[in-house]
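Each of the next two complexes has subunit A plus one other chain: subunit B in the first, subunit C in the second.
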Partner chain A sequence: MSAPRAPSLVRRAAAAAAVLAALLVVPAVAGTYQTQLLTYGLTLAIAALGFNLLLGYTGLLSFGHSAFFGAGAYAVAFMMRYLGVSSMELFILGGVAFSAVLAALLGVVCVRHTRIFFAILTLALSQVLWTLAYKFFWITGGTDGLRVPFSKVTLLGGLVGFPGADAFAKFITSYYYYVLVAFCVCVALMWLIVHSPFGKTLQAIRDNETRARFLGVRIWRYRWLAFLVSGIFTGVAGSLWVPLNGLTTPDVLYWPQSGKIVFFAVLGGFRNFTGPMVGAVIFNYLEVYAVAVTEYWQITLGVILIALVTFLPSGIVGTAARLSARLKRKRGAST
Partner chain B sequence: MSLLRTERLTKHFGETRAVDGVDFTVNEGEFLSLVGTNGAGKTTLVNLISAFLSPDSGRIFIADRDITYAPVDERIRAGIARSFQLVNLFDDLSVLDNVALAIFAREGKTKRIFSLAERDTAVTQEATELLGQFGLAGKAEGLAGGLAQGERKLLDVAVAYALRPKLLFLDEPTSGVSTREKAQIMDTVSSVVRGGGITAVVIEHDMDVVFKYSDRVVVMHEGRFLADGPPEEIRQNRDVATYLLGTDV
Partner chain C sequence: MEIVVIQVLNSLFYAAVLFLIAAGLSLIFGVMGIINMAHGSFYALGAYVTAWSVAAAAGVFPAAALYIFLPLGAIAVAVIGLAIEPTLLRRFYRRPEEYQLLVTFGLLLVLEDAIRLVWGGTPRTASGLVDSLGLVQIGGLPYPVYNMAMIGVGIAAALGLWAFVYRTKFGVLLRATAQDRRMAAALGINVGRIYSLAFGLGCFMAGLAGAIVVPSQAAVLGMGVEVIVLSFVVVVIGGLGSLEGALVGALIVSALRTITIQFWEEIELAALYLIAAIVLLILPTGLFGKKA
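Presenting the complex of A and B:
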C-alpha cells in the first residue's frame, strides 16, 4: 500500500479560493431564502468543524455536542434578555466563554473514558443541560424559549443595524457575509490546529494511545484540550445560529441536535478536513427539502444514513477523494 | 557505572511468578541482550521498568533515582524509552510524522497549537536525518501503515530512539522478519544505537543475533536470572545450554 499524496498547499489554496469566490457571489445571484439557507449551513459547518476535532482527529465520538451548540445559543439569548447586549461581537465572546467553561467542566468527566463510555457520558451530560433548560423556565423561557430578534442585533460594533421595512433582506445579506467571515476564520484556525504539533499529537493519540503515552504524552490532558477547543467552536456556531433563527429553545440542547452534528460528519466523511463541513451544508438542504416534500422526512434521512454507512463509509468527500485518486492512477497508467 | 538498577523486583499474575525478586543492573554504554524461553519474564521485566505494568514489590532506580512508582512520562523524562514486540506506530500518519512526533514530545513542543508542525525546520531536519540513519529516508512521505514488516520494525525503534533516551529497551526488534532482514535490522539498530552512545537492552530469541551483537547477555528462566555474562561465557554455560538452547555444551 502506498500513501496517497496530499494535494500541495498551492492546489489547496486555489481550491479554497475558488470556493470562497463562489460563496462571495451567492447573495448577488441567489434570493434571500437561498442565502438564508446557506447561512444556516455555514453556521452548522462551524459546529461540524469543532465536532470533527474530536471524532476525526482525536478518535472520540461525542453524542453531546448539542450542549455546546446550546450553550452558545443561550449565551446570546441571556445576554440580550438580561444584559441588554446587542453587539454580535460581544455575543460571540459570550458564546465562547460560556461554551468554554462548560466544555472545561464536562471534559474533566468525559475524557477519562473512550469509545462507548465517552459517547454515553457526553450524551448523558448534554441531556442534563436539556433538563435544566426545561426546569429553570423562569430563566430560560422553558419550551417557549428566548427570542433573539434580528432587529435588535448589531454587527461590527454597532455600525450595522437592521431597522426599517426591508430589514430582513438586508439582515440576511449582511449576516451572510458576517457568518462567512466567521466561517473562514474558524476554518483557518482549525486548519492550523490540526496541522500543528498539538493536532498531530491528537492524531497520534487517535491512532495509537499506547505509543503516544510512551512518547511521554499525557493523554487525558490532550483529550481535554481537544474537548475544550471542540466545544468552543461548536459554541461559536450556536451563537451565530441563534440570531438567524430568532429564537432558542431547549430543543437545541436535546440529543437529536447532537445526532445531527454526528450526521454531518458521517455524511461528509470524518477522516478528512472538509468532509464534515460539506456534510453540514448538504444536511441542511436535505433536511429543509425533505421536510417540505414529506412529513416522514426523518425516514428519508434515516435511509440516507443507512446507505451512507453501508455503501459510502468514508462519506461524500472521502469517496470523492478516493475516486479522484483512482482516476489519476488510471490516467497515470495509461500515459 | 550502573544506569539502571532493580532491587528484588517482583510481579505475579495469579499463581505465575512472571518476575520473581529480580536484581537487575544495566551499565552505561552497554548493548545488553535479555534472553529466555517464552514466559521467562523478559517482557514483563521491561514492562515493569517502563511503567507499562506496576510491580507487586521491589524498587527500580535510574541513575540512583527511585522511579518505582513514577508515571510513564516521568520515566521518559528520566531517560527511558522503549519499542514494542508488536509494532506500535501511528499508522495513519506519515513515516516522517511518526519520528517528528517523538522529537516534538522530547522538546516539549506538542502543546504548540498555532504553529504548523511542518514549518518547524529543526524538527523536520532532525527527523529526516534520523530516518536516513535507519535507512527509511525514501519512505518519509508515505504512511507508516504502508511499510513492510521489516521497515515497520525499524521505524518502531527509530521513534523510540528519537526521544534520545539514556536507556533504550527494544522488545524483539527482529521478530516476524526473514533471516536476511534480521541481520539488516540488527546491523542498523546496533550501529545507530552504539553511534549515539545510548545504552540498550534488547529482548531477543535468536541466539545467533544475541551472540553477534551483545556486550552482555542476561538469561531469564521462570521469572529469575539464570545466567549473566559476556556472550562467550553464556555460550559455555551448562544451565543455559539445558534450558535455553536445548543442547549440551
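Presenting the complex of A and C:
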C-alpha cells in the first residue's frame, strides 16, 4: 500500500492558516457554551498531540497517560491551594515541571520495554498515582478532589482577572484565546520536533529497531526523551484543562482516562500529525452529546471504538486523506 | 492468633477469586496472544447474572437449592465469550497489538454500560447463600463457612484446569496451538475452534470468579474496571501466559494485600502496582513466564 503523497509545505501552511482563522472567530459567532466546549476540545487536543509522539512516531502504546494529564491538573490545584498562586503562567510552569519530573522518572522504568509490556507498565504506574490521589485525601481531597475556581485564576501575569457575578462568559472568551495560543505554540513545537533529526530518528526506531541500533542510535535514550516530551505536553494539557473544569478529582488519573487519550488518537488516526488532535476535538463533542442524549453514553463510545478499529483503522483523518488522494488520482486519469 | 487464621482464610478466598480471573486472562493471552481488557467486565457480568438469578429464584426454591444457580453467571459469560470470539476478535489476531488492546477496551466500555442498562445502579447481592451455610467458630470468632467452601472451589478449579490443560487430548491441542499456530493448523488442528473454546473457557473462569464473589460482597458498577488492573498485576508477577504463574501470582498479591490492609491501608494498591512494575523490570517474563 503506497501512502498518499504529502501535500506541499505551502498548501499545509495555507490549510493551517484557514483552520486558525476559523478558530479565531468562534467566540464571536458561537455562544459561551459552544466556545467552552471547543476550549475543552483544544486542551484535549494538546494531550493527544503529546500522546501521539509516543504512539504514532515512536511506536509505543502508553496506557498510562492519565498520569501526566493528572499531574498537570493536580500541580495547578496544589499550587492554588497550598501556595496561593493564581497566575495561569505560573500554573503552566508548575504543570510542566511536575509532569516533566514524573515523566523522567516513569520513563526510566517504562522504556525498558516495548509493546504489550510497555502498555502494562505505564498502566500499572499510572494507577499508583491514582491510588495515592484517592487514598491520601488529606492532601488531595480524595474523591471530592480539589477545586480550582476560575474566579481565582488570573491570566497574563495578573493583568486579566475574573471577579464579579457575570465573569463566567468573560472568562470563557478570554480563556478560549489563551488556550488557542497555547495550542498553536504546542502544535508548532511538536511539528518542529517530529520533523527534526530527533523526530526522524524516533520514526526510524519505530520502523526498524534493529537497523537503527546498528546505525549506532541509542534506542533507549531516544525513547526516554520521547516519553519525557510526550509527558510534558500531556501535562500542559492537564494544567490548561483544570480551570475550565473548575475541579480535579482522582478520575483524571484513573486508567479509563488513559483509554480516552488512546481513543482520541485512534479516532483521528495516529499515523498522521493532525489525526489525534482532530480525534480529541471530535471525541469531546461525541462524549458531550452522547451524555446529553443518553444515559448510556459509554455503550455509544464503545461501539464507535470497536467499529473504528474494525473498519477504519487509519482513523478519520487517515481515511479522509486516502479518499481525497484516490479522488485526485481518478480526476488526473480522466483529464 | 485467631485473627491470623481468619486473615489467612480471607487472603485465600481472595486469592481464589484472583486466580480464576488471572488464569482466564493468562490462558487467553497464552493461546491467542491477546490481552483482554474486558476480562474484568466478564467477571462483573458473572457476578450480576448470579446475583440476579439467585434473587429471582429466592422465593421459589428452598435456600439450599439456590446453590444450583451459582454457576449460572459463569455459564452465561462463557456463552457470551463463545459468541464474541469468532464475530469480533478473530479478525484482530494478525493486526498490531494496539488494535487488539483497543477492541477489547471498546468491549469493556460496552459491557460496563450494558450491565448498568440491565441491572441499574443499585448494588446486587446474593448474601442468602452465605447465610444458609452458617458460621463456624475459629477460636471464638465467627467465620462464614461459605468463604471456606469457595476456597475449596478455587482449589478444585485450579486442579481441574491443570488436568484439563495437561491431561486431556483437548489440552494437548490447546498447547500445540499456543506454541505454534501455523504448525498446528498444518497438522490438521481446527485452530479456529481451539481459539473459540480457549476464549470461552477463559470467560467461564472470569464469570465463575464473579459468581463466587457475589454472595459475600455485592456486585457494584465499576467492579470490573477495578479488578482488571489487579489481575494484570497478578499475571505480570506470575508471568503472562502461565497458569502456574497465575496461581502463585494470585497467592502473592492477595497475601500482600491482606498484609498492607492490616498495617498501612493507604498504600494497599499503590504497593501492589509498584511491585508489579518492579517485577516487570527485573523479570520481564515474570516468575513462571517463558522467554519471549
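By definition in this document, the second predicted complex is superposed on the first by the 332 of 335 C-alpha atoms of A that agree within 3 Å, B and C clash if a C-alpha of one lies under 4 Å from a C-alpha of the other, contacts with A are read in each partner's own complex, and residues count from 1 in each chain.
By our rule, a contact is a pair of C-beta atoms (placed from the backbone, for glycine too) under 8 Å apart; a residue touches a chain by one contact, two chains touch by 3 or more.
For clarity, every value in this text was computed on a predicted model and none was experimentally measured.
Participant: For A:G142, select first, second, both or neither according to whether it touches subunit B, subunit C, the two together, or no partner.
Facilitator: A:G142 sits against neither subunit B nor subunit C.
Participant: Once the shared chain is lined up, is A:L123 touching subunit B (first), subunit C (second), both, or neither of them?
Facilitator: Second partner only, subunit C.
Participant: Mind working out whether A:F198 is in touch with subunit B, subunit C, both or neither, as first, second, both or neither?
Facilitator: Only subunit B is touched by A:F198; subunit C is not.
Participant: Of the partners subunit B and subunit C, which touch A:L55 in the superposed model: first, second, both, neither?
Facilitator: Touch partner of A:L55: subunit C, not subunit B.
Participant: Please tell me which partner, subunit B or subunit C, touches more residues of subunit A.
Facilitator: On the superposition, C touches more of the residues of subunit A.
Participant: Contacts for A:L132 in the overlay, against subunit B (first) and subunit C (second): which applies, first, second, both or neither?
Facilitator: Only subunit C is touched by A:L132; subunit B is not.
Participant: For subunit B, which residues are in contact with subunit A within the complex?
Facilitator: Residues of subunit B touching subunit A: 50, 52, 72-73, 76-77, 81-82, 84, 88-94, 97, 100-102, 104-106, 109-118, 120, 141-143, 145-146, 159-160, 163.
Participant: Can you check the complex and tell me which residues of subunit C touch subunit A?
Facilitator: 35, 88, 91-92, 95, 97-99, 101-103, 105-114, 116-117, 225, 229, 232-233, 236, 240, 265-270, 273-274, 276-277, 280-281, 284
Participant: Please give the residue numbers of subunit A that touch subunit B in the complex, ascending.
Facilitator: 1-3, 5, 189, 192-193, 195-201, 203-204, 206-208, 210-218, 222, 225, 229
Participant: Going by the contact rule at the top, pick out the subunit A residues touching subunit C in the complex.
Facilitator: 55, 61, 63, 109, 112-113, 115-117, 119-121, 123-125, 127-128, 131-132, 135-136, 255-256, 259, 262-263, 266, 295-299, 301-306, 309-310, 313
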